[in-house]
Amino acid sequence: MYFHRQELQFTSSPSKPDAVFARKLQEVLGGQYGEITVAMQYSFQAWNAHIPGKYRDLLFGIAAEEMGHVEMLATMIAQLLEKAPLGITGDAVQDDPTVAAVIGGMDVQHAIVAGAGARPVDSNGNPWSGSYITASGNMLADFTSNANAEMQGRLQVARLYHMTDDHGVRDLLSFLLARDTMHQNQWMAAAAELRAEGHEDFPVPSNFPLKKEAREHSYEYLNFSDGKAAAEGAWASGPTPDGKGEFSYSDGPTSSVPMPPPTHPDARYYGTTDVPNRVEKIAGTVQDMLNKE
Amino acid sequence: MYFHRQELQFTSSPSKPDAVFARKLQEVLGGQYGEITVAMQYSFQAWNAHIPGKYRDLLFGIAAEEMGHVEMLATMIAQLLEKAPLGITGDAVQDDPTVAAVIGGMDVQHAIVAGAGARPVDSNGNPWSGSYITASGNMLADFTSNANAEMQGRLQVARLYHMTDDHGVRDLLSFLLARDTMHQNQWMAAAAELRAEGHEDFPVPSNFPLKKEAREHSYEYLNFSDGKAAAEGAWASGPTPDGKGEFSYSDGPTSSVPMPPPTHPDARYYGTTDVPNRVEKIAGTVQDMLNKE
Amino acid sequence: MYFHRQELQFTSSPSKPDAVFARKLQEVLGGQYGEITVAMQYSFQAWNAHIPGKYRDLLFGIAAEEMGHVEMLATMIAQLLEKAPLGITGDAVQDDPTVAAVIGGMDVQHAIVAGAGARPVDSNGNPWSGSYITASGNMLADFTSNANAEMQGRLQVARLYHMTDDHGVRDLLSFLLARDTMHQNQWMAAAAELRAEGHEDFPVPSNFPLKKEAREHSYEYLNFSDGKAAAEGAWASGPTPDGKGEFSYSDGPTSSVPMPPPTHPDARYYGTTDVPNRVEKIAGTVQDMLNKE
Amino acid sequence: MYFHRQELQFTSSPSKPDAVFARKLQEVLGGQYGEITVAMQYSFQAWNAHIPGKYRDLLFGIAAEEMGHVEMLATMIAQLLEKAPLGITGDAVQDDPTVAAVIGGMDVQHAIVAGAGARPVDSNGNPWSGSYITASGNMLADFTSNANAEMQGRLQVARLYHMTDDHGVRDLLSFLLARDTMHQNQWMAAAAELRAEGHEDFPVPSNFPLKKEAREHSYEYLNFSDGKAAAEGAWASGPTPDGKGEFSYSDGPTSSVPMPPPTHPDARYYGTTDVPNRVEKIAGTVQDMLNKE
Amino acid sequence: MYFHRQELQFTSSPSKPDAVFARKLQEVLGGQYGEITVAMQYSFQAWNAHIPGKYRDLLFGIAAEEMGHVEMLATMIAQLLEKAPLGITGDAVQDDPTVAAVIGGMDVQHAIVAGAGARPVDSNGNPWSGSYITASGNMLADFTSNANAEMQGRLQVARLYHMTDDHGVRDLLSFLLARDTMHQNQWMAAAAELRAEGHEDFPVPSNFPLKKEAREHSYEYLNFSDGKAAAEGAWASGPTPDGKGEFSYSDGPTSSVPMPPPTHPDARYYGTTDVPNRVEKIAGTVQDMLNKE
Amino acid sequence: MYFHRQELQFTSSPSKPDAVFARKLQEVLGGQYGEITVAMQYSFQAWNAHIPGKYRDLLFGIAAEEMGHVEMLATMIAQLLEKAPLGITGDAVQDDPTVAAVIGGMDVQHAIVAGAGARPVDSNGNPWSGSYITASGNMLADFTSNANAEMQGRLQVARLYHMTDDHGVRDLLSFLLARDTMHQNQWMAAAAELRAEGHEDFPVPSNFPLKKEAREHSYEYLNFSDGKAAAEGAWASGPTPDGKGEFSYSDGPTSSVPMPPPTHPDARYYGTTDVPNRVEKIAGTVQDMLNKE
């Protein structure tokens, strides 16, 4: 169960209206790595968790915080739009080129659809999608996904910080940067603990039977481009991070087979095949089939 | 530039037709974490790379291999569909319940749209989407995303392995498992090398000015659920993985502010406000505005 | 801010596994009118509200309850999947036709992607989309949207009730039916109160200046099909619900104008136009333009 | 069957080109609540209707009118684009800031893809989606959906009216406002008639057996936020709109159960569980299973 | 303007219920090449046409017919669903394996969402999308797109014909096959006429200035795969179909340049670059920038 | 298998940064008819081909070239973004209206998400979708689709050519125009060869049994609009392009049937039907059914 309190975690009021920045903020609200994504991702991971205790509590504990971050951003966006100009008139643009930037750069659905409110979309107006989230049931894989989500998210917030000089907005962003710092650290710590406690190991899944895997290909770097420098990396020689092998390097594939012959499906799919005079022949075949039905 | 060779990296022919498994294989071809995703993700990361040398060569080198994996799966799917039954007739189902399973479980677009061929979709028929990929320009974030993609991918291949007893299909899956083992190790090694060489560090981005971040919130675990076990984790006390702080634990938020007052946008958005008799008043205001235009 | 409590509002455990019904339940979790939709819709309406007080409190109060309903459904789905069969083998299907139904009717991504967990998708596997929700800033319009959402939702739950005989599942559905009854009533009551208090009226928006509307077309039923019975309805004669007019009936349009002439955009769009020998002429024109550049 | 006549229902020609407004008009052509939506929604409701007569005739009669509105908007958009500038040159922008607004604010696909023509997309370029429409077979629910669609649509047209001062465009919008007034009234009248005639009642579906519903929760307002004002509304006490109960108010839930224990699916999903030393144990289990296959 | 008549162009009633085939028919109603696509595609081409007369009349004339085909399919689907079983019970499946096929193979949203009605989706439940259609303003390109759409559509209808033995359904399909035959012929004839009359020619657009094109690459076949047989085709030697050149054949590219150096965007994007000790350096740079703001 | 070489097929460097044009170029990289589309479309057609030899070799040969074009465009876009301004400040816009155009007209995700890199999206930011491609197994249909794709693609490139005066960009576009010229010619030649060799004929599929088609409707133009000029076209009289019939012209349909009666599905779908006092009656029926369960 979820309970709501009519407070925000941090100050969230802009110094002045800025419809263009309101659009940009949508990215970290409703984009691929926005707050809706992490709120939903951690929630589904918690609901699909197979063990009680600290890992599931962690997921529940952060998921609810992220819902509050969605709220902080939505509130900020509505305030940035509150006094923004309604639309275009030729005269206004002639007088002030800033108006032209706003006209062009704002999310017009903020005005037409939401009446100066936030929306569940990214900065290009793509609606948030359930396909953004990851919840596999395997916590080592999912915590790695979470670490990535927090990295991408903090990167985007840092970029946005440099795109405004509004102190109110920057205050909110500096808070979100701090929480993303925490959450990156936390998922890294949690992934390490999973391994330390023997719950999961690497590569994921770590308990798939070794002899069912084509192990001769498990640690070889196969270079399918013509850049030579990839041979210099830590992935081309030496022990592997999973502690189970040695990296090798090969310029191109070490195995290959001829492509299998093309398929010949049922004639009633009317695919193109190599039967001479096939048009007439297939028509005959299909006719026979139809006559029998 | 890309060059194609009409060979496959590994044997890819099934023992018998299986339209239902063909549908399931679509997940690792065209799903969120399928081969199209990694092929495109590594390509875009390479094209957007800001440094020449081993990291970019690595991206190019693996991206092209993954395109070949798309091809292996597409070839296998076409073969699994080659002799599959066309559709439904009442009699056939009465005679053999397996037909019922096929009718229900296959991807009907395999038959209707592709004429027994592979498609750029996942196992539920959702078309592959450009929103599945990540390419931010920051390699530590992106390599973490890559590690996750290979983890999720190997997990799905392992599950699929247990959903078939066809030796031909299992051979292909055992090869893909091996390559996913390699690629998980490789991205882990590459992420470590980025840090060792001073290119990137953690948290991402590592060079955002510390004093612009609300550091007092950077290492505190805030528990927004009522599970108490989260306090026992490595993320609730002790040094942080980035080496810059100490985790603390708090039951709930350590800061809060009242929600700012609701916004009052321009009356011409016709939002609901608290002006008494607002219907008449706003009509008057808008009328005045229109009269002036 | 949101806080989570590790309890559910109502009993939610099935009597037996049922992967097919788990898929069907996804509709009311992640479909167009599922619980994610109402949770997000009421949240955005609250965040975009322009007045404090009872209407906004109502939105916040229900939004958080609906997040809990998402959780109840996700929990139930995970339980329905817990002991469900992993996949297909020919023998199993021959022995038991129920297996064939499960193979065909389950959401295969439940197994391959989520490892027997719930997902943010509908019953056909389409990911939840931000385009499902409505939050316009005008409360009378939005509360009508909310009433519709609860109607569609209760209708779907009622249908699902008849598709299972599992008492545990039915208990959950009977609870959801009750809450949908409440929420339908509530939005109807809230819409009526908005009008009674003079905040909004009908048609929405009620304060657009009358003289700017083509009022001669505001109350006429124009019949563009050849069914005659539409003339018998309450919408074809008598006073209008908004109390401002009288319905009239007309068989077809009461106004029409000739279609304006086709457009002739810039030749550099290379659209097809009616200039004789246009291929050569346009090539010349474009060449001239290019020469000048 | 549908027949087309090469006339429009109302004057639709702009006074001057305006590529930015052309983009904005796309919202009411191809957006969530645009004319394609209502044309398709009423059509599918008619095709799925279960009774002949006035309600179905009404649906057919309005659906065809709405297809004509799609046409009027498409025609207008093409005219707004007809003489609009092709693209950008630095000099032009320096001379006239209006050009900058156009460059930024137009839908660039209008130029690149459609050659100065209308498109089946919304004002942010999202393609129209079949997921926008509602057709459930239950007319009271669907007519409520229709009323909402006309409310949202008229609200958007009213907003657009204030974003242009072109008299030709405003004439078209004033006509659409009038038709939306009619259609709002009509769906309200039709919904009332359905109830008056005993076809449907409220809550939807009205004939689900009462004793199968958890009636003790059917009329209680449960406040999951901390705003106290929701208790003052008509939804917190007094008779309910469906005439079957009395509203009650409760601060928080009136029922709750502990969350059920986490699920433990088949080991071959490789989810994270709490078995000590699980990595080794599961590997053994899976190996046994594989050996038996 | 569009007018509707309550008749169908052809008999459309099935002999018996078939929920699985109802799902399959959705492909040609709401799929990529279904009837909604052609109805909308021809409509937008007509609205965006730049010349009056026979070509635009043709587009309007066929577009309206295709809307009627949408209606015929929707009507048929509703009838196929009319008596189909509601859902699943264990007993029913045990008694009759056909039920298992229906459970698995039907579109469950037909039941849950539409109450046994048609939907604007394809046979996998993907909603129809505005991105399916093509309307460029260039009629030769668009008529080629139309010819393809009718080819793909007729191919799908032919496949569906073999997936049912219901005479009522087959009658409808035989009619649709005939109309697709007509429309394929028609668009081929119309494309030829456009060229014969000098409106358009080939390659599209035919009037782009030749000297602005890198003509040395306009007729060379460059073989980027290692199959040798492509050299035997009509595209590898001899005159080109546009009558303006001679095909040549080359094994691989005839031109190449080194990849340009990687980009170095602004440091405030925090991309990974090759500056030694970049983490510290960039932090300093960004700090300086921030201090100046 | 695919191999990558770190070269480009043609010079691809702009003279100056241009973030607005970078956005526009995304259309031909990741749009409906961009290079990702043709690369994937030709690949899937090759993988699903049913005959070895020249046609399949052709598909493989071009598919790989198109992947290289994706790379050329991605590289160019990254360069156009390299020195583009980061975002907005009020002062900058006041000083230089060009900045306003850039602010408004750029793809903001280029900056926020990709850090000045290319993305797999179109010029409005819609992610590339697997639903863009066509691969049916029937080569005549698919080669017609390919010809259309190259026509639309070349048309878009030609339009883009006129939207920039940057010589570096224009050089790349002139190369792409040349390759599109080649590919249009090639698919036309290949389609002709398929017919000449008896592999396929027209209408597609050409071997569906004639007597199963309602041949009386196969060559009649039915005019569903009121424009009379369509009767003047080559599609209204004379021999048909498939050589099998004569076109005829009819003003409106030549056949019609009454719409079948509305369907009456199971009462447990709670659709609206015409039973008098249905609310009570259906409640009783459903109650009986439930009692029996």
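Each chain carries a letter (A, B, C, D, E and F) given by its place in the written order, and its residues are counted from 1.
Definition applied: a contact is a pair of C-beta atoms (placed from the backbone, for glycine too) under 8 Å apart; a residue touches a chain by one contact, two chains touch by 3 or more.
Bear in mind that the values here come from a model prediction, so they are computed numbers and not experimental data.
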At the subunit A/subunit D interface, shared numbers over all numbers used: above half (same) or below half (different)?
different
Between E-F and B-E, the pair with more C-beta contacts:
E-F
Rounded Å distance, subunit A centre to subunit F centre (Cα mean)
26
In subunit E, residues with contacts to at least two other chains
1-9, 32, 48, 52-53, 55-57, 60-61, 63-65, 68, 75, 78, 86, 97, 100-101, 103-105, 111, 113, 115-117, 121, 124-127, 129, 131, 136-138, 140, 155, 158-159, 162, 165, 204-205, 208, 212, 224-225, 227, 253, 256, 263-265, 268-271, 286
Subunit A residues within the subunit B interface of the complex
6-13, 32, 52-58, 60-65, 68, 75, 78-79, 81-83, 86, 111, 115-117, 126, 129, 131-132, 134, 136, 138, 140-141, 144-145, 147-148, 150-152, 154-155, 158, 161, 170-171, 174-175, 177-182, 184-186, 188-190, 192-193, 202-205, 208, 212-225, 227-235, 240-242, 245, 247, 253, 255-260, 263-266, 268-271
Taking the complex as given, what residues does subunit C use to touch subunit E?
20-21, 23-24, 27, 31-32, 97-98, 100-105, 122-126, 155-156, 159-160, 162-165, 224-227, 252-253, 256, 261-265, 269-274, 276-280, 282-283, 286-287, 290
Okay, in this complex, where on subunit E does subunit C touch?
1-6, 48-53, 55-56, 86-90, 93-94, 97, 99-101, 103-105, 107-109, 111-113, 115, 121, 124-127, 136-140, 194, 198-201, 204-209, 212
Flag every residue of subunit C that touches subunit F in the complex, lowest number first.
155, 158-159, 162, 165, 268-270, 286, 289, 293
If you look only at subunit B, which of its residues touch subunit F in the complex?
1-9, 30, 36, 40, 43-44, 47-48, 57, 60-61, 63-65, 67-68, 70-71, 74-75, 78, 113-121, 127-131, 133, 135-138
